[in-house]
Every structure is written in structure tokens, then in C-alpha cells.
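When the chains are written out, they are named A, B, C, D and E in that same order, and each has its own residue count from 1.
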Amino acid sequence: QGTIRFGAPLPLTGALAPEAVKQQQGYDLWAETVNAAGGIDVGGKKMKVEIVYTDYQSNTPRAVQAAEKLITQEKVDFLFSPFGSGAAKAASTVSERYGVPTIASTASSSQVYDQGYKYLFGTFTPNDTLTNPLSDIVVQKAPGVKRVAILARNDLFPLAIAQEMEKSAKQRGMNVVVFEKYAINTMDHSSALAQIKASSPHWIFATGYINDLVLLKKQMADQRIEAPVVTMIAGPAYQEFIDAAGPGAENISSASWWHPAARYKGSDIFGTTENYVKAFRARYKSDPDYAQASASVSGALFQMAIEKAGTLDKAKVRDELAAMNVMTFWGPVKFGPTGQITSLEPPVFQIQGGKTVVVHPQPIKQGDFKLGVK
Amino acid sequence: MNRRDLILFTAVLLLGALPLVGEPYTMRLGTFACMYAVMAVSWNVIGGMAGYPSFATAAFFGLGAYAGGVLLAKGAALAVAIAFAGALAFGGAMLLGAVLLRLRGHYFAIASLAVAEVLRELTNTATDLTGGGMGLNIPLDTASTVGVAGEASFFFLAMWGLLLLTLVVVVAVERSKLGFGLTCIRQNESAADMIGVNATLYKSLAFALSGVFVAMAGTLYAGWVHYIEPPDVYDILFSVKPIVMALLGGMGSTTGAVLGAFAFLGIEEIVWRNYLQVHTGVLGFLVVVLLLFLPNGIVSIGRRLKMLGARNV
Amino acid sequence: MSELMKLEAVSRRFGGLQALQDVTLSIGRGEVLGLIGPNGAGKTTLVNVITGVHRASAGRVVFEGRDITRYRPYETARNGIARTFQIVQPFPELSVLQNVAAAALFSGGDGLRAANRVAAEKLEFVGLSAVADKPAASLTLAMRKRLELAKALAMNPKLLFLDEVNAGLNSAEVEQAMGLIRQIAGGGVTIVLIEHLMKVVMSVCSRIVVLQNGALIADGSPSEVVSDRRVVEAYLGKKYAQVASEGA
Amino acid sequence: MFTLQILVNGVVLGCLYACIAAGFSLVWGVLNVINLMHGSFIVLGSYLAWGAYNSLGFSPWVTLAIAAPLFYAAGYLVQRGLLNRVIAAPVLVTLTLTFGLDLILNNAMLLGFKADYRRLILEPALGTIQMGSVVVPVDRLVAMGFALVLTGALYLILRKSKVGRAIIAVRLDRDAATLMGVNVKSTYAAAFGLGAAMAGCAGVLLALIFPISPLSATPYLGKAFVVCVLGGLGSVPGAVVGGLVLGLVESFGAMAFGPEHAVTLSFALLILFLIFRPQGLLGKRGFE
Amino acid sequence: MGVRAERPAGRDLLRVQGLQSGYGEITVLWGVDLAVREGEITALIGSNGAGKSTLMRTLSGLVPARGGKVTWNGEEIQGDSPARVLDLGIAHVPEGRRLFSAMSVEDNLIMGAYLRKIGRAEMQRDLDRIYTIFPKLRERRSQAAGTMSGGEQQMCAIGRGLMSAPRLLMIDELSLGLSPLLVEQLIDALNALNREGLTILVVEQDVVTALELSTSAYVMDTGRVVQHGPSRELLRDPAVRQAYLGVLAG
């Protein structure tokens, strides 16, 4: 009785290494759970799952090479995209060429999907679905907030989301008083912050990866920069951020595509969100964040599609994915015509008392949005 | 044309038959091999012949990738883009060389390194032209015209052709007055000055030659992967690897550079396949071992054996 | 005797140090000029300024009526000015022949084949043919000095600066070297000879100039110069003065 | 007021840069070896501080005293065991060797510490002090102080001590130094050890300020490069001056042209310096 | 003529027996025998490539001996490290000066005293002693040694050798590139030092100078000592005159 091979190119070394760790945790948890349950039911035949990893060294061309290696050399049946929109997009040309169904678990920008590819699917909604609800809450809770300062890492995702934020803010009649980019590997933000401080903003919106945001938060404290609203993406979604930023993180808001506080009753192998979180805790002694969950759900989605198709035939599985309309621990999953998920409503949350508290949407809300960040 | 060059050329020529046998992935490896060979051979002109430790390879590559890439994105023909990138790199290098090459040793090394950094940041911030941090899409649609496997072999053959071109030119330079002059400069620049070598001009030429083909490779590469972003094409490793390859093959020898490139990539691929967690470490280990026990590179193996033989006689 | 080179008030500073001070000098075609002076007087610096290694801080250098003050070394070389280095400067890894061939080629020779022919000649002339194929690094000092000479000659110069070519040679070897110098001069090459071995200077030079602290302090026939009091005090020393007077 | 704040930020940052670069500059200028492991050494120092604080409760100031001899020994051994075999070889060989070694070291750190970011959070936090309208974080001030003391010590060692003079002599002419009775091998090793010790201590200090991760090695290395070219190779005071210049340029540059240009600016500056003043601000000629 | 104090010949300070040495493939010294008597100036002459420098470098431990014996007042020292040899009191002023080019003149001199454990005061005294022998060095004490003229460098090199307070000073190519006046001063200086008890072994190309300076001399050729004896006699020896003086000396 054979196994089903899934290929997963990861940035295990290089700049994105921290992300690779999360992805791998997510995929492994899914694979272990499936195999513990006997495997995937393919037309009545239980087949075990095997995930083949390669390291693409945080380097996009290597990611493409890795994808092709997995498909042609390792003969994987299905593929998980490499991390982020850029690499996912580059690699999608390969999987499309070989007709291998591919799920991107961390690609949000719509340019990835509007290439007219048939075999690419993604679990992240477009970036504006994060910034719009945020803006709505702020407008509603603090009508006085007018001056927005944006500081973005000059890098694909962080920059894209910052630009969305600019749009959302303007649409709601706020004016963006500062919009600065900082270079990758910036080791000091004091000047940018001094400028922001001088513009006395009501809302400070900063994007980047954990290390950037941890450093930023620290230097904000160093310069005693305070504001009614401080939002950071994607740091606060990660437990490391909360640990690293310490008490200074209080009331920092953020948004992401998923949150452990969510309460969905899924028909996937993990079932409810609680179950997933429990399983994750049991395995890794920490709370899952959206990156890990997305990796897990990507596997779960493949599983559902395969079981529905009852075969490993790539085209058939692809059609099942395209037609899919299910509930999962990740939330409702339905892919739009481009392959990007359309059904998801990303939660907005805030760090209160050293914990993340969901403040939106209603069904999974845990507390109210608080103002004032020191 | 000595025996070594003959062997080199026949070997490289034979490589051209790869599309007949290889499937797409082998082709991809082949393309990378040719690309790095171009880089190593080019570097050898400034680094090996003239003795100036240049770290500008990444700068040339990135420049080529973006200069050509932007043109391609705007719909220019591949050939045009490549020619443009080459010309740009050559001109830039001539100008830059005139100033930078007044520096020696480490100072030059760092200056050339900084060039790549500056270019990267400039590319990063020239958002409307290059897409900046968002990367640049190059919808060069060869796949539809020549088909899936066709695309792979197309770019392989293109890169292979570029390697041949590079080799022909570089070997010609080696034999020429220019090559002789560079050797003199490497061994004693002030003495070279004194016998009438126009050091500044010669060095600039060497620098430009070390850039032009790399830039062309950059454009080809951009067209090949359809999507480039600054951190990828200005990657410092593009500067370091060719040097390691040249050292591996044997400093100052064109044959060595090619051998080094192929050997290095072979090792890297094997290590990369077999060690998920520790492949960079293993690679580092191999580099260290090779340097300590084969300091004069692969081409020196033959010589060593000869010497041993001589002793035994 | 027509004038080949003219120095007009040439000066050169190194930071606080005035290495050359208003050196005005005329070098006639075909003469063998001796340039002597205490250590650190500025002899080598003068050569460096003329050949463009250092820029003159002030003054002009005129060669065959052309102002070459701003010429770079390779330009002076191609215009027929050759020099040997006080601290010999071979291309260590190149063979002795290649060393000389390079000189012939880049100083304006036509083609590698021709250059090699010239090189072979010159090696024959300085008597290094035997080691033509050895790497320059393996030569002894005396041989390296002769290699310097061969290189300079291969550029078929009009004006040749010899910076202490005899230093480090024993008397017998100096003998041979002097023979060579005379032959070169005989061939119509103008020579400026920088030397501390007075016996050499006295016997080959038609005229001697003396440099001290960067300034010219004497200029004349050998006999005049060696009997000049200042020269004796600054350079030759009493002992030599005795010997000279005994000799006279 | 605004400019004053920027000025202060720049100066403080500059001292940290100086502390990053001092050891690197020493090894480069003196051994003529570009030690690409320098960045990783610094990161290791940070991990040492992190571990010592969280598991043993040592404050970073105590850890400094441990780090210095520890890293000195490590550097000494690396040099004696590996680099010494190729120290006479061309620049590029030694460079590539350290490149290979760094690959190993960094991979080892990835396995040992995982890639995720850690922070050393002192309890109680050191906080900040307000001077008029200018705010300065205390931890940076302290780090700055230590940085100056460390580089000062290094300077004295090189200038005044026998070892220091021997180190320079060896770098200039090994045979001649041997004739003076200098033991070349151990001198090289000592110099490399000093460099490593500086890196380790820098790491300990920076642990207070920057997130800790194997990935930080590269940016640290980059700064070291720039600083020691600006300041001048092998010149320790040069490292301080270079650091200050870089710190100020980055701070004011970020203000004038926007943060994303700060890096570009510093590298452009580096090229200009190389061309017009290759010996750096305080560098000695002859180190080219 | 040579201004030299006539003193009873001392015992052998350094004795070399059948010394062999070379570089890599090539053998340069094929068994050299010579002795340096305490308190004397001994000269070593011979054509280029004879092996004079190699001999000195072998004695000072820079080049490993491949055979033979070197005894320093009774003790065997072949194969000792340069540091040890220097510590025993043998200083070597190498061919081509080999100064620390980027260091100041004074730092060069101080390096000369590297192995000696002495305080500031004593160091200063020794420096002053050198400066009185070579006043030019005092002027240039802070100039980078590499930028000095050939002659200035030679003075600095000798000064550096003296700074180790040696019992035996070995100088390679004593007068190389020095003006006659300076050579004269240098010779006086060496004689003075010699009167103070310093033993000197000198390689000198100008045979007349060499033989006038020294008490006894050795003639080397292709790695062997071909002749030796009191300098006076060698100076008169027709063979030597023929080989190394040429007609000029006549």
C-alpha cells in the first residue's frame, strides 16, 4: 500500500529561516495526524502521507529549482508553495507547467493568482481584507484618529500591506502624515521614529518581520513614543513577538488571517479550532499562529479534495479543489476563480495583559478594542 | 591553443548535446552550471589575470538582470535586451574601473563589494522603474512558442552559447598583448608602468571584460525565471561563489575556472540533495578542506602527480 | 652638444620634507652624466619625478623640446625614457626572457615575435642568455641588476637612468658592468648614472652633478667636482679626498 | 530639539558600530585577513549573554568578563589550527577559508539555537533618561560606555604593549620580525584572539539592544566593513571615528532622504572614501 | 689605513663546521667551515650567489641547517629558533635591510630590543646611543621607514640590530648603496663598537673596504670556503686580487 508524496520547499536557511520553522511545524502536524488516523482514504484505499522537504535558502530562483526538483526528481504528487508571495508566484510557473496541484499557504497578494493559472490555490485573502476591518474598528472606536503614520519594510509583503493601509485610511478620511520605508537589515529606526514622533500621529502603523518589529517597539519605548493606536503586522500574531516585546506590547493591535481564539467547527481532520489548538499545544508546547495553521489547513484541504476525488489523478484533485466549499478549523474555505480564497474573514486582535484578544469579527470576539499604547 | 584549452573547448562543446538526453531538471542544472562558469571565467580576467580581487560580479549580474529585465518587461526582444545589458555593464565598468582600480588589495575588494550594495539599494528604491521591493515580473513567454521542455532547452542553449562566447573571448585575451600586460600588472604594477604598460587602461578593460558577459547572463537569467527581486539578483553569493570556483579550479587559469564552476555546482547539488539541515555546513566544510589540502586548485593535481613521478624517478 | 632634457626649477615635497629644491639642469645628447650625492639627497626622487612616478610640486621637465612634466610613467617610457630601479623590480614569476620581452613590447615594440627577438639580443648583451628561461625570482642580486639593465635597454631608450646598478656587486663584477655601460653609451644612448662607487663614476662619466638635501651643489668635470670642498665635506669624506689627491 | 535628538541617536549608534568593527578592523589591518566569521562571533556573544542571563542569572556586565577570555581562546585556536596554514597564501585564499568556516559556524548556530529571534530583557528594565527634550535609552548609553572602554583597551594593547608592536611587525615583514625574536605563529594567533574577544564582547553588549538570531551575522559584518574602511584599517581609534561617522550619516541621512536610503548612503560614502582617502580618517599609510 | 686597535686574538666565539643548507630542491651551502674570534671583526667575501647571505640566514636560524655543526662558545646551536639565537647574543642585519616599512624609524629600533626585558629609561639610553652613531636617524625618528632613502634605511637596519645588545653582530652587505662619506663613518662606528668589545661578522662586496676593516677574512665560492686568513695577507694575495679586485685595485 503506497504513500502520497507532498513536496514542500522551505527557506530553512537564509533570511526567512524563522518562517520555515513555522511552516514545517504546520505541515508535520497535519501529516502526523493523518497517518495516525491511518492515512488518506483514496477510493476506499488508505494511503499514508509523506512530506518531502527541500531547503531553498530564502532565495527565489532556488525556490523555483526546488519546486522543479520535487516534481521531476522526487516525483511528488502535490506541492505546497514556497514562503511568501514572491517565491510562490515564481514557483507557480513550474507547478502549472507540470500540472501539479499547488496550495500557497502564505501568499496574499493578488498578483500571485491573476496569472490565469489553473493549478494554484491560496489560503490567504488579499491584503486589504486585513487593513479594512482594522480601519473600521479604529474609526468606530476612536473617531478622533485622523493622523496616520506608516512605516514599512521595503519588501514584498510588508510594503504591499502598508500600501493597502494607506488606501484604507484615505478612504475613511484620515490623512497619512508620514509614509516611510526602511531597508531590509536596518539596524536602527531612531531617525524614522523621531520623524514620526515629530508628526505626533494618532495611529502608528508599522509592517515588517518579527525582528524588525521587536526592534521598532523597543526603540519606540526608548524614545517614549506613544499613540492612541499602534498597529503592527505581522509581529503580534506570533507568540515570540509578545515574549520579546515584553510589557511594551500592551494594546498593540494587529490583524491576520487566522487566530487561535477563532471558533470554527470544521469538517476537516482537525475538526474544531479548539481541537487544532489542543493538538498543536500537545505537539509543540506553544500556541499556533496563522502561519502554522495555514500550513496545516493546506494539507487538510488537499486531503479533503483527494478523498472527494477518490483518486490521485492530478487534474481531478485540482477540479475538486476548485469546486471546494467547506468549513474547516481555519474557517470557511471557498476558492475564487483565480484560486485565491474568498470566503475568509480575517480576525483583528490586540495584545491585552500579555495575551492576544480578538476584537473582531463578532462571532469570535473576545474583548473590546482598547486605546493607548506606551 | 595549447592542449588544455583544446580539451576545455571540446568538453564544453560536448555539453551542448545535453538537450538531446537531459530532461528539464538536468537542463536547469546545466543552465546554472553554464551561468556560473560564465561568472567564474569572467571573474578570472580581473581577479586571476590582473590580480585584483573583485567582488563586483553580483553588481554586474544584478545590473544585467534589471537592465535587461526592464527592457524585456517593456517588450523588447531578448537579443536586444542582452546586447543592451552587456553594453551598459561594459561602459559602466570602464568608467568605474578608472577610479576604483586605483585601489589595491582589500581596499579594491571592498569598493567592488560596495558597488553591488549601492546598486541593490538603488534598484530597491527606483520603484516605478524596477518595482522596488515588490520585484519585477518578466512575462517573456517562450513557453507558449517553444513549449515546456522547449523552454528549458532554449535557455540552456542560450546560456551555453554565452559560455562559449565568453571562453573564446577570454582565451583570446589571455593570448593577446592585453593578457600579457595584465600578467605584468599582477606581478609588479610599478615595474609595469615603467616599461610602458598603460595600467589604468588595461585594468579598466579587464574590469569591463569581467562584467560584460556576467551582465548578459543576468539578462538571460531574468528572462528565464520570469520574476526577479533585488535581494536575489544582487546576492553577495554571486560575488563569492565565482571566486571560490576559480580558487577551486586553480587561480589564473581559464580551464580551472570552468572546471571549478562545474565541480563546485556538482558538489553543491549533491550536498543540497542529501543534507536537508546541514547542507550549508557541509559545503563550508568542503570549501575549507579543499583550500587546506588543494590550495592550488584542481588543475594542480596533474602537476602534483608529475612532481611525485619526477621524484620517484 | 645638443640638449636632450632640461629641468627647470624642479621641486618636490613629501609632507614636511623638501626632497627636491629648484633643481635646474640640462642633459646633453650622448653624454654620460654622473649624479651623486649623500644618502637621502633626492637622487632617486629626481628620477621618479622625471619618469612621472611622483608629480613635481613645481617646475618643468622638458624632453626633446616637449614638456613632459605631467606625463604618466607609461608615457615617459614610450617616449624613450628608461630607468632601472635601485631596489630591483622584476616580474618574479615570468621567465627572464619574458621580463625583457615585456619591456620591448609595451614600450612601443611591434608584436610579440619581434619583442622576443629584441629580448634575446639584450640578454645576450648583458650575458644572461644562460638563464633566459629561469623565473626571474631565482636570480641572484647581481643577475637581477643585469636583468634590470636588459629590460631598460629593450625599450631602446634615448635617455637611460641607471640607479645604483653596481651596488652589491664585487669589484670584478663592477668591472664587467662598467664595460656594458661604456658600450651602451657608445651606442649613442644618453645615460644618467646614479652611483656611490666613485671609481665607477670617475672612470665612465664625462660630467658629474652633485645633489645635497634636494639641491644641486656642484656641476662640472669629474676632476673639478671631486676637488670641490663642499662635495668633499658633504659626500666624499676626507679619506677619499686623500686617496684622490694621492692619485692626482 | 529634533536635530539634537537625531545627533544624540547618531552618536550612540556610532559607538555601537565602533564596538562592532574594532576587532574586525584589527584582524583585517594587522593579519591582512578579512574574517567573515566576525558577524557570527558577535551573534555567538549575544547568545552567550542571553543564556547566561536566563539560565544562570548573570547580568551582561558579568558575562563580559567571561566572554573576553572565552572568545580569545577560541580565536587563538581557530587561527593556530586553521588560518595559520594559509596565512601566507594570497588574500583570496584566507578570505574564502573564513567564508567556508562561517558557513559551518552559522549552520551550527541555526541547528543549535533555531532561527527564531530572541531578546534579552533585563528585569528591571534600564529605561530611559530625559535630558531636556532629548531622550536617551540607558542600555544604549551603558553599551556605549563599555564599547569605548573596550576599544580604548584594545588601542592601548596595540600601541603600548610589546605584543601589539610585535603584531604589527609580523604583519609588515614576517622574516624580519622573526629576526627580532618574535614568535610569528603565536603572534598571529594572539591578534586573531583579540579580534574574536572584541567580537564576543560586542555581542554581549548588543544582546541588550538587538534581537538575537543567527541571521543578524550578515548585517553586523556589513557594518564592520563600512566602519573600518571609513576609520582606517588596523587603526582602533579609526574604528571609533568611523563608527561615529557612520552612525551620524545614517541618522541624518535617514532624516534627510528617508530611512530606506540610509544604507545606500553609507555605502556610497564608503566608495567615496575608498577613492579619495583609502587610508581612512585615521588609518596609517602602508596598510594598503 | 684601517684604524683598528691591535689586541691579542680572543678565543673562538662562534665556530662553524661542515655546515650544509639550502632552499627546497637546491643545496646552497656544501659544508662551510669558519670561526669567528671573540672581539674581532671578521669579513666574509665572495662573488654573487656564493652563499654568504644563506650562511648568515642559516646561522641566525631563518634557514634550517641540513648538516654540520654550529657552536656558540662551546654550546651547539644549529637548529635553534631565531629567537633563541638572538637571545644568545647573535644579531643579524639582513640583506636588503628588511625594515618594517610602515613603522616609524624609532619603532623599528624599539622592535630591535624586542627580546630584552628593559625599562623606559634604559630603552631611551640605548636609542640615544644609536642616534649619536647615526644622527640622521634622530632627524627622521618619526618618518615611516619605508619612505626613507636606501642609505637611511641601511643605518636604521644596523641600528635595529644593535638594539638587541648583541655579542656578535652579523651585517650582510654593509656598504650597499651608501655614500663614501657614510661608509667611512660607518666603518669608524663599527670600529668603535668593536673596541667596546662587540664581535662583528660582515659581508662586504667592496673587498678593499672589507679587508681593511677586518682582522681575518673568509672567501666563499659556490657554497664553500675557498680561502681564509688574516685580512692583511689576503689583501696582498695575488689570487684574491685577481678574482675579486680586478685591475682597478692596481
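Basically, a contact is a pair of C-beta atoms (placed from the backbone, for glycine too) under 8 Å apart; a residue touches a chain by one contact, two chains touch by 3 or more.
To keep track of the chains, here are their UniProt names: B, D = Branched-chain amino acid ABC transporter permease; C, E = ABC transporter ATP-binding protein.
What you see is a predicted model; the values in this text were computed from it and never measured.
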item: Chains touching both chain A and chain C; value: B
item: Intersection of the contact lists for chain B and chain C; value: none
item: Pair exhibiting more inter-chain C-beta contacts, D-E or A-D; value: A-D
item: Rounded Å distance, chain B centre to chain D centre (Cα mean); value: 31
item: Computed distance of Cα centres, chain E from chain C, in Å; value: 29
item: Length of the line joining the C-alpha centres of chain A and chain B, rounded to whole Å; value: 37
item: Gap in Å, rounded to a whole number, between the CA centres of chain E and chain B; value: 52
item: Where chain D touches two or more other chains, by residue; value: 107, 222, 260-261, 263-264
item: Residue numbers of chain E (touch at least two other chains); value: none
item: For chain B, residues contacting two or more additional chains; value: 121, 124-125, 277, 280
item: Which chain pairs touch, all of them; value: A-B, A-D, B-C, B-D, C-E, D-E
item: Touching residues on chain D, where the partner in the complex is chain E; value: 162, 165-166, 168-169, 172-173, 175-183, 284-287
item: Chain E - residues contacting chain D, complex; value: 60, 62, 81-83, 86-87, 92, 94, 98-103, 107, 110-112, 114-115, 144, 146, 160, 164
item: Chain C contact footprint on chain E (complex, rising order); value: 45-49, 95-96, 136, 143, 147-152, 154-155, 173, 176-185, 205-208, 243-249
item: In the complex, chain C residues that touch chain B; value: 51, 53, 72-74, 77-78, 82-83, 85, 89-94, 102-103, 105-108, 112, 151, 155
item: Contact footprint of chain B on chain A as seen in their complex; value: 12-13, 15, 53-55, 57, 59-61, 64-65, 68-69, 72-73, 86, 89-90, 93, 97-98, 111, 153-156, 159-160, 181, 183-184
